[in-house]
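Chain naming follows the written order as A, B, C and D, and within any one chain the residues start at number 1.
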Amino acid sequence: MTRLFNDPADFREELIEGFVAAYGRLVRRVPDASGVMAIDAPQPGKVSVVVGGGSGHYPAFCGYVGPGLAAAAVMGNVFAAPSAEQVYRVTKAVASDAGVLYCYGNYSGDVLNFDMAELRCQDEGIDVRTVRVTDDVASAPRGQEEDRRGIAGDFFVFKIAGAAAARGDTLDEVERLARKANERTRSFGVAFGGCTLPGQSAPLFTVEPGRMELGLGVHGEPGIQSSYMRPALEVADLLLDTLLADAPPDAGSTVAVLLNGLGSTQYEEMFVLYKDINRRLQAEGLTPYKPIVNEMVTSLDMAGCSLTLCWLDDELTALLDAPCASAAYTNM
Amino acid sequence: MTRLFNDPADFREELIEGFVAAYGRLVRRVPDASGVMAIDAPQPGKVSVVVGGGSGHYPAFCGYVGPGLAAAAVMGNVFAAPSAEQVYRVTKAVASDAGVLYCYGNYSGDVLNFDMAELRCQDEGIDVRTVRVTDDVASAPRGQEEDRRGIAGDFFVFKIAGAAAARGDTLDEVERLARKANERTRSFGVAFGGCTLPGQSAPLFTVEPGRMELGLGVHGEPGIQSSYMRPALEVADLLLDTLLADAPPDAGSTVAVLLNGLGSTQYEEMFVLYKDINRRLQAEGLTPYKPIVNEMVTSLDMAGCSLTLCWLDDELTALLDAPCASAAYTNM
Amino acid sequence: MSSVEGADTVVRRWLALALESISAHEDELGRLDAAAGDGDHGATMVRGLRAANAALSTATGSAGDLLSAAGGAFADAAGGASGALVGALLTTTGRTLGNGPYDTASVVKALQAALTMVMRLGRAQPGDKTLIDALKPFVDALAAQPADAPLSVAWRAALPAAMAGAEATQSMIARRGRSAKLGERSLGHPDPGAVSLVLLLQAADTVFATS
Amino acid sequence: MSSVEGADTVVRRWLALALESISAHEDELGRLDAAAGDGDHGATMVRGLRAANAALSTATGSAGDLLSAAGGAFADAAGGASGALVGALLTTTGRTLGNGPYDTASVVKALQAALTMVMRLGRAQPGDKTLIDALKPFVDALAAQPADAPLSVAWRAALPAAMAGAEATQSMIARRGRSAKLGERSLGHPDPGAVSLVLLLQAADTVFATS
C-alpha cells in the first residue's frame, strides 16, 4: 500500500519533483509539463524517442530517460495515461529535425492521448511516428497480437529504439527497429497479491492466500486464470510453456531475457525462479543473452513477476548492447 | 512473504545458482563455496574486497560483485551470516598478493564468522583486514559508533573500497579509505510492515496499520520507537533531524545521498519523499551529490525505507565516481 | 432556459453538481473499474471535474465557451481514456453548440457531433462495453423527442435510455479500453464509464429541472 | 558409560535427540529471536543439527572425533552467531575430551575449555543475555559436583542451574548479538540461544539416563 505521500492529489507532481531533484545529472523537468527530458535532448539530426504512460510503474517510464535511451517521458497520474496536452508539450520540448518516435504500452487511454497529440504535432509539421508495445500474450490470442497490452517488454523496445536513435538512424529506421523489437518480444506474468492506489485503503484486488493469478495486468487488471500456488519449478514451466507456444516464427534461438518483479516480490525469490527458467531455456535449445533479473516495469507494490523473451538477431543485439545511462538502467 | 521457492532448505543454493546463471557476464560461482566472485578476480597487485552476510538483502551482497566493486561476496542463508568455513573458502579463491579487505555490516554473527576466517587466513600468510560498516544511528548512541550495525551505508563503503582496490591502492590505503567512508556515513530508517522468511507463514513482525517503526533493523529487529504514520514531509524531517544530529564532526557540506527502499515500498513513494528530503538538505546548506533513490540493501519484502548520508571530500568523491559494473550497480 | 443569459449559469451549475455527484460515487466507480480494469475511474473523473470547475471559475463567455474550456481542463487533468473521451465530449458539445441561444434541437445536434467525435477517437462501437453504450441510446432518445419539447422535458424523457444502456453493459464483454483484455471476466459488472456518464446526465437533469 | 565403546553411541544418540527436540521447538525459538532479533534462531539450529547428524552418519571414531566433526558441520551449515558459537562449543568439547575414556571430571574440563572458547570468540560476559548465561552456570554447577559422581547424576544435578540461567535472561538487556541494538526492548523475553542451549543439555540428560 502507499504510505509515503502528502496530499494524494499532488502525488504525481511531487514524484516528478523528487525524481528530477535526485537525477538532475541525467534529466531535467520539461517546463510546464508533466514529464522529464534527457539532459542531452533534443539533439539535432537525431530522432527523439518519447515514452510514457501512467505513473506507478517505475522505472517505467521516467527511469528510462537519458543519453542512449529515451529522450523524454510523459508522466500521467497513477495508472492514468497522460493527457494529450501533456504529450504534446513534452513532444514540443524534445522534437528534433529528425522527428519523434512515440513508444508506449498499448492501453486505450495511452493510445487515445498519444494519438491526439500525434495528430496535433503533425499538423504543426513535426514528423511523429508511433510504435505501441504489445508483448503481453495473456491479453489477446495469437492472430490478434496488435490488440495485446504492453508490460515489461516495454524495456527491450525502449532500449532498442533509444539506441537506434542515439546512433543517428533515420526516423524510418528507428521506427522499423522498434517495431521489429516489439514483434519479437513476448511476456507473461503471474501475481500473488494486489496493489493499493495512493490515498486508498483497500487494494485494487486481492489474491487468495495459496493461490496465484495468471496473466494479470500491470494495473491490477484481473488475470485470465487463477491457480493454486506452485513450487518455483512449476511456475518456471508455466511461464515458459506459455511463451514458447507463442514464439514469433523463424526468430532464431538467441533470446534476451527479463525476469521482472512487479513490486514486492523479493529479488531472492526471482533468482530461485530464474535458476529453473535458465535450465528450461537451455533444455529448449535457447541461448539466454545477458539476462536481467530486476524490477524494470512495476505495478506499485503488487506481488508477482513476469518473464519476457525478446528473440534477437544481430541488429537487435547490437542495439541492446549499445551504451546508455538513465536513472534505472546504465550500460557500458 | 516468500512465495517462489522449491524446498526452503535449498533456498540459498538455488538463489546462488540462479544469480550466477543470470549474471555470468559479471560473476562466477566460487567453486565449492556459498559465494560468487568477479570474473576478473583476483587481479595480481590489486586488493580483493570481499563482502558478505546473510541472504535476503539483495542487491547486497552478490549484486555488488564485479569489476571496480567487490571481488567476491560470501552468501549466508536468509538472515544468517555465512559460516567461517565459507568465508575462508571464498577468501582463498580471490586472495591476491596485494591482500584482502573484508567489508560487511556489523552483526554478531558476521563478526564471529569473518573474524574466525580472518585468523585462519592470516595463519596461512594471507594479509586480511576488516572494516565493519556501522552506519545505523538507531542501533547505538553517539560515542559508541563502533557498536552500531550496518545497513544501507554498506553500499557507499563497498563502492569506495572497491574503487580504491581497482585503481591499485595498497591494502593499507584501501582499508584507510573504507574506514574513512564508514566514519562519514550515517543512516536511519523507518518501517511500515514486516517481512516473512522463506517457508514461514507468519511475518517476522507486524506494524499496526497507521503506525510506523523508527530505527528498525534490516532483519526485522524491532525499532527503537513506534510512531503514528505521518505525511512524507514529516517523515523527511524525522529522518534528517536524526541524521544531522549525528553528523560526523568537520565533515564539510557535500553529501552522497541514498534513499533506500527495503522491499515493498514503492519507488514512486520514495521520490515523493525525496522531494521533501532534497528541500530540507538545501535548507540546511548541504549539497547532495549524485543522489540515489533505489533498492540497494533490502530486507526481503519489508515495507519501509532508510536515508543514508555520506559526507564526502575530494578523495571519497573520486572513488564514488569511478567506473564499475555489477548486477545491481553500474557506473560509467 | 433558452435565454443566452442563463446558459452559462446552467453549465456552471451542472459541472458543480456533477463533481458533487461523481465524488459521492468515487469509490463505487473505482470498484467497478477494478472489477475488470485498473480501478482509477472514480479518481480520474473526480480529478477531471475538479479541474473543469476550477477552469470555469476564471472562464467567461456563455455555454459554448464554458463547455470548451471545461473539456480542455477535464482532459488534461483527468488523463486516461475517460479524460480524453469525456473531455472531447464536453469540448465538441461546446464548440457545436456555440454561444448563441440553444434549444432541444441545437443540443441534440451538439450531442450528436460529440458522440461522433467520441466514437471516432475511441474507435468503440455500441456493444463494446464503454460509455458509448450509455451515450448513444441517450442521444438517440433525445433526438426522438418532439422538436418543440422544452429541453428539461426532452432530457428527462431520454434519461431512461441512458440508464438502460448502462445497465445493459453488465452482460457485455469488454472489447475496448483496458478491460478489453479480460474477455469474459468483464461479464457481470456494468462499465464504469457508462455508469459515470449516466451520473453526468442525471446531474444535468437536476439542473434543468430547477433552473 | 565410562567405557570407550559407548561414548560414540552417546554422542550419536544425543545429537539425534537434540535435532528432534530443537525441531519441535523451532517455531518457538524463531519467535523468541523475532522478539528482539531476526527470527531465525530456530531455523539456524535445525539446519546446524541436521548437518551435524548427517556428518555423523559418515564419521567414525569415538566421542572426541565425533563431536569435532559434528561441530564443524554444525558451524558451516548453520551460519550466523549461533552456528559459530555452538559449533565451537561442540568442536572444543570434542578436542579437549579426546577419544579416551571419559568421566565427570574430564567432561567438566572439556566444557570449561569450550566455555572459555565461546566467551573468547563472542566476547560476551555473563549478564549480556546470551547462551553464556545458561552455559556458564551449568558448567560451574557441574564442576561443583562430587568428583566421583557418575556423569548422569552430576549432569542432572547441574541442569537446574542452566534452566535458571536461561530464565534469568528474561530480565536482562541484550548487549551482544543482533538484539544488542535494541537495548531495553529486549526485556521480558528469554534469550533464544540460552533456551536452545538448555534443550541441548536436556537432550544429553535423557541420553545419559537411558544409556
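Methods note: contacts are C-beta pairs under 8 Å (C-beta built on N, C-alpha and C of every residue); 3 or more make two chains touch, one makes a residue touch a chain.
These numbers come from a predicted model, not from an experiment.
> Going by the touch criterion stated earlier, list every chain that contacts subunit A and also contacts subunit B.
Expected: no chain.
> Please identify the chain with the largest separation between its CA centroid and the CA centroid of subunit D.
C
> Averaged over CA atoms, how far is the centre of subunit A from the centre of subunit C? Could you give it in whole Å?
Roughly 32 Å separates the two chain centres.
> Just the number, please: Cα centre separation of subunit A and subunit D in whole Å.
About 54 Å separates the centre of subunit A from that of subunit D.
> Averaged over CA atoms, how far is the centre of subunit C from the centre of subunit D? Could you give it in whole Å?
75
> When you check subunit A against every other chain, which residues touch at least two of them?
Touching at least two other chains: 78.
> Two or more other chains in contact with one residue: find those residues in subunit D.
none
> Mapping chain-to-chain touches, which pattern fits: line, ring, star, complete or other?
Contact pattern: an open line, chains touching in sequence.
> Every touching chain pair, please?
Every pair of chains meeting the touch criterion: A-B, A-C, B-D.
> Tell me, which parts of subunit C touch subunit A in their complex?
30, 34-40, 43-44, 47, 72, 75-85, 87, 121-122, 176-183, 185
> Could you pull out which subunit B residues touch subunit A in their complex?
My answer: residues 1-6, 11, 14-19, 21-23, 25, 55-56, 58-59, 63, 78, 192, 198, 212, 229, 231-233, 235, 257, 259, 263-276, 278, 288, 290-295, 298, 300-301, 303, 305, 323, 325, 327-328, 330-332.
> Using the touch rule from the top, collect the residues of subunit A that touch subunit C in their complex.
Contact set of subunit A toward subunit C: 9, 54, 76-86, 107-109, 112-113, 115-116, 136, 138-140, 147-149, 197, 200, 204-205, 217, 219-222, 224.
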